[in-house]
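Below are two complexes that have chain A in common, paired first with chain B and then with chain C.
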Partner chain A sequence: MEINKYNVLVKKHTPKENILLNGLISFIVGGFMGVLGEVLVELYAYFLHIPTKEASTFMIITLVFFGCFFTALGFFDNLVKFARCGLIVPITGFAHAMMSAALEYKREGFVTGLGSNMFKLAGSVILFGVVSAYAFGLLRIIIMGG
Partner chain B sequence: MIYVNAFIFCGIVCLIGQLILDNTKLTPGHITTMFVIIGAFLDSFNIYDKFVLWAGGGALVPITSFGHLLIHGAMDTVNTFGVMGLFMGMFDLTSSGIVAAIIFSFFFSLFFQPRD
Partner chain C sequence: MTQEYENVYINDTAIISGPYEAKGPLSSYFDKSYNDLYFGSKSWEDAEIKMLGECIDILLQKTKKKINSIDALISGDLLNQIVSSSFNAAKLNIPFIGIYAACSTSTLGLLIAANMIEVGQVKNIITSVSSHNCTSEKQFRQPVEYGGPKPKTATFTVTGAASALLSSKKSKIRIISSTLGSVVDAGIKDAFNMGAVMAPAAAKTIYNHLINTKTKASDYDLILTGDLGRYGKDILKDYMEKEYGIELNNLDDSACMIYDIDSQDVYAGGSGPACIPLVTYGYILDKMKKGKLKKVLMVATGSLHSQVTVNLKKSIPAVSHAICLEANL
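On to the complex of A and B.
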């Protein structure tokens, strides 16, 4: 088969991704995650009588809990496939990455499987977060003096 | 009003991520890593604090707030201990998210089986 024909065939059978629709879905889902975060912060602050700063910590823990729980139950993967970045970019994506790595590698044993592979997907977030925060912190000390 | 702001801010961050995901060959791992670095960058010049004031919890939900909290914790100890403080306080504020993710992942992985 000629290479041109082959390319045409490949293009025909590659599933088309609707970029606009994907963007719209992730905008809406992500937006509702943001609203959910704000609602949780206000609920915690109101019912537990704690300052907003601590309430936002509680909110992050709640979202991480549900991210892990729904991934463990199995249906969060389908939600992520549907909403993509709408669920990956919020903190639930971090929980999802850790939980799915933990589930996947636990059959290889506790130390060599679970222990060494749990951060396989989420580790880069922590590593580059710390490195960049260190670099920007140094920069800030040099420029603004702390 | 703050709910609308939260919706807009978090939605736009997710939209940017989705556009990067669709138009380049980067994986979700690249995107979350990039967003953490962007969050740390924005917070080193106090820009992210303005987003938090404007959008409230909506600005704390995306992964960019992870970078923001890292540098916030580090700067708090820098104010008291100088350059050494950079090593001391970095996880002060983010520890809740990381510890929660570790604890829940570990215990759920004991009880649940992976789905094929």
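On to the complex of A and C.
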């Protein structure tokens, strides 16, 4: 059978992913994460008497901590499976990716295992994050003058 | 290439499963099941090695044989350099053939063992396989604790080890023929749709087996494929009809039997070299011994990719080997 014909046959038997429902769940959970982040920023700013900019750093640390902690306890992957991009796109997804790789490779040694493999999933997020920050920063200077 | 045998029997089998399989419908047929995925070992790799070793021990106990009466061990698994098998062979200290045919390793092992017994090269031979969900996830997919979503066509690697003792001594299960498959590349590049990757290889092997043994699909009580999954099974049925004009009414797939695929969270079903022997060595052989099934064609299927070839966006070749079992009551 030719490849094209076979692809049609495969497509006929392949189930469709429920994009709408997945998108809706991600939207709601992601939105809730945004609200949670905002509440944390306000709370930190109010109780610690610090400016909002510093409070957002505290908020990020808090979310990263819980992303890592819940991953280490072993149930965060089930939450991610359900919420999909609702938990992957926020900073929790980054923490989850780092922590799951670290847990996976720690038995292969601190340097050869954990050190070399911890950035396996999150490495590209950092690399392309920095590259795009640089590109958009440059654009901002050119268009808006700073 | 099809081979027919006069004097090859499966004397006994042993199977060990992990926790997810033990929650499945076939748990009562396993010799032993673990409640966790570490089995008291420090790493998953150690756990898989331990499980395979224990499985061979259980088989020796069941058959009341000493390891030095076994002429050779044929074993394979999914790990790089088939370490689970090689490390156990190092402990057992008997002649060893390490094989890799991905998830079709079990039938390839049975096929080589049957050939060696038929020509009188060996008297007693053990063939075994193992796979572990976490070692496979780590090697072929993503870290185990990472919860990134997978498509519905993905499969869940079976944690288990299975071994069988073959000899020319008569028993209730006879191996009557085998077909060595050729590698088929259907052009599919998606490693999350292995059913589609492997269905054409299974179809080709089934077709060759039927032609070479001059039998019809309906002559078999059951044609059991390895790990095509629930969607791959439909693809095979459809493909077999369109390509070869053969209707497979007695087809089932181990991937859909090892778990309760509707209630357990295993996507399209099980996969891995241990999938088809965990179903066959316990449940199917039991049915054959009770006379409920007479002739069964085991068609294990393997997807021959590595993480690197997937990243290079190469299409995935697949292979399938068939073993025909007959009840000898």
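Following the convention adopted for this analysis, the second predicted complex is superposed on the first by the 118 of 146 C-alpha atoms of A that agree within 3 Å, B and C clash if a C-alpha of one lies under 4 Å from a C-alpha of the other, contacts with A are read in each partner's own complex, and residues count from 1 in each chain.
Just so it is clear, a contact is a pair of C-beta atoms (placed from the backbone, for glycine too) under 8 Å apart; a residue touches a chain by one contact, two chains touch by 3 or more.
Computed from a prediction, not measured in an experiment: that's the story for all the values here.
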Which superposed partner A:Thr14 touches (first chain B, second chain C, both, neither): second
Winner by number of chain A residues touched, once chain B and chain C are compared: B
Touched partner set for A:Phe76, first chain B, second chain C, both or neither: second
First (chain B), second (chain C), both or neither touched by A:Leu121: both
First, second, both or neither for A:Ile3, with chain B first and chain C second: second
Touched partner set for A:Gly137, first chain B, second chain C, both or neither: first
On chain A, the residue positions that both chain B and chain C contact, one per complex: 17, 22, 71, 74, 77, 84, 88, 97, 99-101, 103-104, 107, 121
Contact set on chain B toward chain A in their complex: 2-3, 6-15, 17-19, 21-23, 28-29, 31-33, 35-37, 40-41, 43-45, 55-63, 65-67, 70-71, 74-75, 78-79, 82-83, 86, 90, 93-94, 96-98, 100-102, 104-106, 108-115
Chain A-facing residues of chain C, complex: 42-43, 138, 142-149, 151-153, 186-188, 193, 196, 200, 231, 234-235, 238-239, 242-243
Footprint of chain B on chain A - complex, ascending: 17, 19, 22-23, 25-42, 56-57, 59-61, 63-65, 68-69, 71-74, 77, 84-86, 88-91, 93-95, 97-104, 106-107, 114, 118, 121-122, 124-126, 128-130, 132-134, 136-141, 146
Chain C-facing residues of chain A, complex: 1, 3, 6-7, 9-10, 12-15, 17, 22, 71, 74, 76-81, 84, 88, 96-97, 99-101, 103-105, 107, 120-121
